[in-house]
Amino acid sequence: MSNQIRVTVWNEFRHEKSNDAVKSLYPNGMHVTIGEALKKNSDISVRYATLDEPEHGLTQAVVDSTDVLIWWGHCAHDEVSDEIVKRVQKRILEGMGLIVLHSGHFSKIFKAMLGTHCSLKWREVAEKERLWNIEPGHPITEGIGEYIELPNTEMYGERFDIPTPDKLIFISWFEGGEVFRSGCCWERGHGRIFYFRPGHETYPIFHNEQIQRVLVNAVRWAKPRVFMEHSAPNTQPLEKLSEKKVQFGKAGVAQNTDGSNK
Amino acid sequence: MSNQIRVTVWNEFRHEKSNDAVKSLYPNGMHVTIGEALKKNSDISVRYATLDEPEHGLTQAVVDSTDVLIWWGHCAHDEVSDEIVKRVQKRILEGMGLIVLHSGHFSKIFKAMLGTHCSLKWREVAEKERLWNIEPGHPITEGIGEYIELPNTEMYGERFDIPTPDKLIFISWFEGGEVFRSGCCWERGHGRIFYFRPGHETYPIFHNEQIQRVLVNAVRWAKPRVFMEHSAPNTQPLEKLSEKKVQFGKAGVAQNTDGSNK
Amino acid sequence: MSNQIRVTVWNEFRHEKSNDAVKSLYPNGMHVTIGEALKKNSDISVRYATLDEPEHGLTQAVVDSTDVLIWWGHCAHDEVSDEIVKRVQKRILEGMGLIVLHSGHFSKIFKAMLGTHCSLKWREVAEKERLWNIEPGHPITEGIGEYIELPNTEMYGERFDIPTPDKLIFISWFEGGEVFRSGCCWERGHGRIFYFRPGHETYPIFHNEQIQRVLVNAVRWAKPRVFMEHSAPNTQPLEKLSEKKVQFGKAGVAQNTDGSNK
Amino acid sequence: MSNQIRVTVWNEFRHEKSNDAVKSLYPNGMHVTIGEALKKNSDISVRYATLDEPEHGLTQAVVDSTDVLIWWGHCAHDEVSDEIVKRVQKRILEGMGLIVLHSGHFSKIFKAMLGTHCSLKWREVAEKERLWNIEPGHPITEGIGEYIELPNTEMYGERFDIPTPDKLIFISWFEGGEVFRSGCCWERGHGRIFYFRPGHETYPIFHNEQIQRVLVNAVRWAKPRVFMEHSAPNTQPLEKLSEKKVQFGKAGVAQNTDGSNK
């Protein structure tokens, strides 16, 4: 692992090209706004990757040299190739961090990591949101205070179809009457996953300093503690076994779903 | 939901046809041995499904009328079609129970539900295993006592690459020096999942009365509490909103990965 | 265990005697209103116990014949004797269920079971509360629908200082802008614990049919699966040990904090 | 928080004075052996406290300037004053780390933090133990490898009566046939708790380099992320409330069990 945390910010990067309102908020794409905020911290280095690049910008070389991957997608989840999703999933299980933003809840990679539909209620009427910090001792909430208030957001409401988070750190209150688990942490394999709700493309969410602070904190929390490849070794006994009087048939050959024999 | 718990026992059913040792232990297939044990309980009804049937025996009609699916696979995980895996996964998230046995740890459905590699160490030298019951108050261990002892088993050793179980109920001790999380419970969507380690095809594990008792208990634990379809509704505010002074652009259309718009 | 679930509803029972507003809502005490609602179900039997009775009504005989204990307290937590708290805690660890209501969050028994301060923000201005059901498949939410709306409640706000619940099933939205984890499940020893937020003495909360439904469901969920006494046995090896060449000194005698030697 | 992690190693320190075998292994007490190992790391500073000192060496000033408290006790748990236990518990909930060793499972502080009996099976026949590292990516297992092997230990066997750990990182295999959850992590309040099984006084466990490595790692993991005092504030609404047409009685005054009004 390098001295800096090597972040790759992945963005679908479609709305910013087709929608004038989004373009005016994020002229270079949301990924660049996010990346500029991260880069202000000397322990973080940033690269970008977007859907329409070859291999969505997530070549094996890029994935292999990424410590934390940030993911924003919305209208083109299906255009992400299954092969790239598998590549990213494998790397997360080996230790890479994953931060999924807002509408990324329906991305292939998030659903593959969690195994659920990740569905939720939603509404877009520019209502107020207040994210309550329920874990003020957690590294991701460092410097945030009691809550984050966003004057205008898209609403996401429960039930959010996710596995129970290992740690729930933000719960949102919405002006229209709903609540939402807005900051959720999981570990899968050797990797850490953080879902963070805010971030709709038609609001200047990623320009908000508290939101940027959460992202910086989340990068530091999600950085790899180890990188270990998946293996299923046939091992020798560590203890002397008693003599076996029974005679059993030779077993069949097992198969791993990646094509290798176990 | 019917009065009885409608169990479908799915078996790869290959070793029993090609390997004389396995055939002598399970002449009609492991699924039938398991099913006969379950059927002794008047609250459980049993059907069978196997890999080489059309749609692997898991037609939409079968899946839709199954309360708990039991899964055993080993040498042909890759031959299970992705479409059937998605069908089963959707039904589990809606409420169906899933019980995965032994080498099913590498099945497509188990890996899809958990999001991890589910890899482990292994060894086949007919050694002794003792499954310690660490949750004597859990419904799945009812009537089991302190432990289950199996004189001859294949060994599975840690690290088992799974998400932290919601509840860990059995830990195995192996003669050769390893340990393993052998009974693991999760909830995903509205469905319950139980992984149970014992069950290698070359040993008479599924004839063991304690193992059969665990399976009966697990069926009762995993039975659906509810069946609810996945949805992501656009909802109306429940509270009167303040007037919005800002004007935001119209957002893009979101896409769910099943092709529907959110 | 008897055929019926034997519930004891414990109430501090002070406000109802000293405060006319509370008395008019609950002339016989909140415990009786709760008990009457439970008794409508043929699988539940109900007894009452209150602070000012000898041993707070929780004699050893009462505790030993209780399956689920419901607890409401507010202004006199300190008057509950430590000895009774230990008696109740021991019984919960052996298998008895515990349901803690509203201001019972600061009761000695709740804090002893969880190990934390159980502190929270609060405000009493008769504001609206909406409890979102985030686990529609959980037995405690059966028949509840998407949410429970209470027109007037005391507010409890995060951070609620509790261990992460095994399962979080209700999150509250408050008119004044806060959120709260209002339905929380834990297991401790062999017993189950449910905390349910609503229930302030100056509002008719326990007359609400949805609230009563949650209490009935919670009683059924929290009923004992087993009763097992605490023990720390000195056991014999199950396997033949290798010869020990080293000679170690005889160890000291260990002491359990209940006075017995381990 | 200072630059160094301020560790206080607490030891009952009785066996080392009365038992020659223990004295020969730990002439200055186990706490000093542990402390010497920690001190080799420049980010850690060490102090000691023992049972027979005034206030058990845990004065308010000591507790207030401790980042991580290590606890070893065995034959005199009952002699620890309840007042000191409350002082320590309060500090853990505010952010201090706690590391409980071996027979400390029955200490007042561990039981107070967890709320359970913390009972287990045990046997002292100098048998072999192998601690399997099931979380190779966790900070506490850094540099440990697949397992730790101890040639002679006291055995602790399941069922260990604890709340399900937030993270289980070591599972022990014992020569005599048992298993045990030997490395367990929890969070309570703002503090972190680690239980580590090895450490019987009649074996040279705390001289083992891998055990020392785990303790150094655990200190770094358990160091405070924040120190926050407990509070239960009465707060003002953040949103404008609708007019309340109902008139409710004034509520009673709530009481916190530490004597303060809520």
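Note that the chains take the letters A, B, C and D in the order they are written out, and that residue 1 is the start of every chain.
The working rule: contacts are C-beta pairs under 8 Å (C-beta built on N, C-alpha and C of every residue); 3 or more make two chains touch, one makes a residue touch a chain.
Just so we're clear, the structure is a prediction, and the values are computed from it rather than from any experiment.
Q: Between C-D and A-C, which chain pair is linked by more C-beta pairs in contact?
A: C-D
Q: Same or different for chain A and chain B, where same means more than half of the interface numbers show up on both copies?
A: same
Q: Would you mind pulling out the distance in Å between where the CA atoms of chain A average out and where those of chain D do?
A: 32
Q: Distance from the CA centroid of chain C to that of chain D, rounded to the nearest Å?
A: 26
Q: Between chain A and chain C, what is the gap in Å from one C-alpha centre to the other?
A: That pair's centroid distance is 36 Å.
Q: On chain D, where are the residues touching two or more other chains?
A: In chain D, the residues touching two or more other chains are 130, 136, 157, 164, 166, 175, 177-178, 238-239.
Q: Based on which chains touch which, is the overall arrangement a line, ring, star, complete graph, or other?
A: complete
Q: Using the touch definition from the top, list the residues of chain C that touch chain B in their complex.
A: Contacts found on chain C: 95, 130, 136-139, 142, 166, 175, 190, 224-226, 228, 238-239.
Q: Per the contact definition, I'd like the list of chain A residues that touch chain B in the complex.
A: Listed in rising order, the residues are 14-15, 18-22, 24, 74-78, 89, 93, 103, 106-108, 111-117, 119-128, 151-152, 154, 157, 161, 163-164, 166, 175-178, 186-189, 200-203, 230-239, 241-242, 244, 246, 248-257, 259, 262.
Q: For the complex, which residues does chain B have touching chain D?
A: 130, 132-136, 157-160, 164, 167-168, 171-174, 177-179, 181
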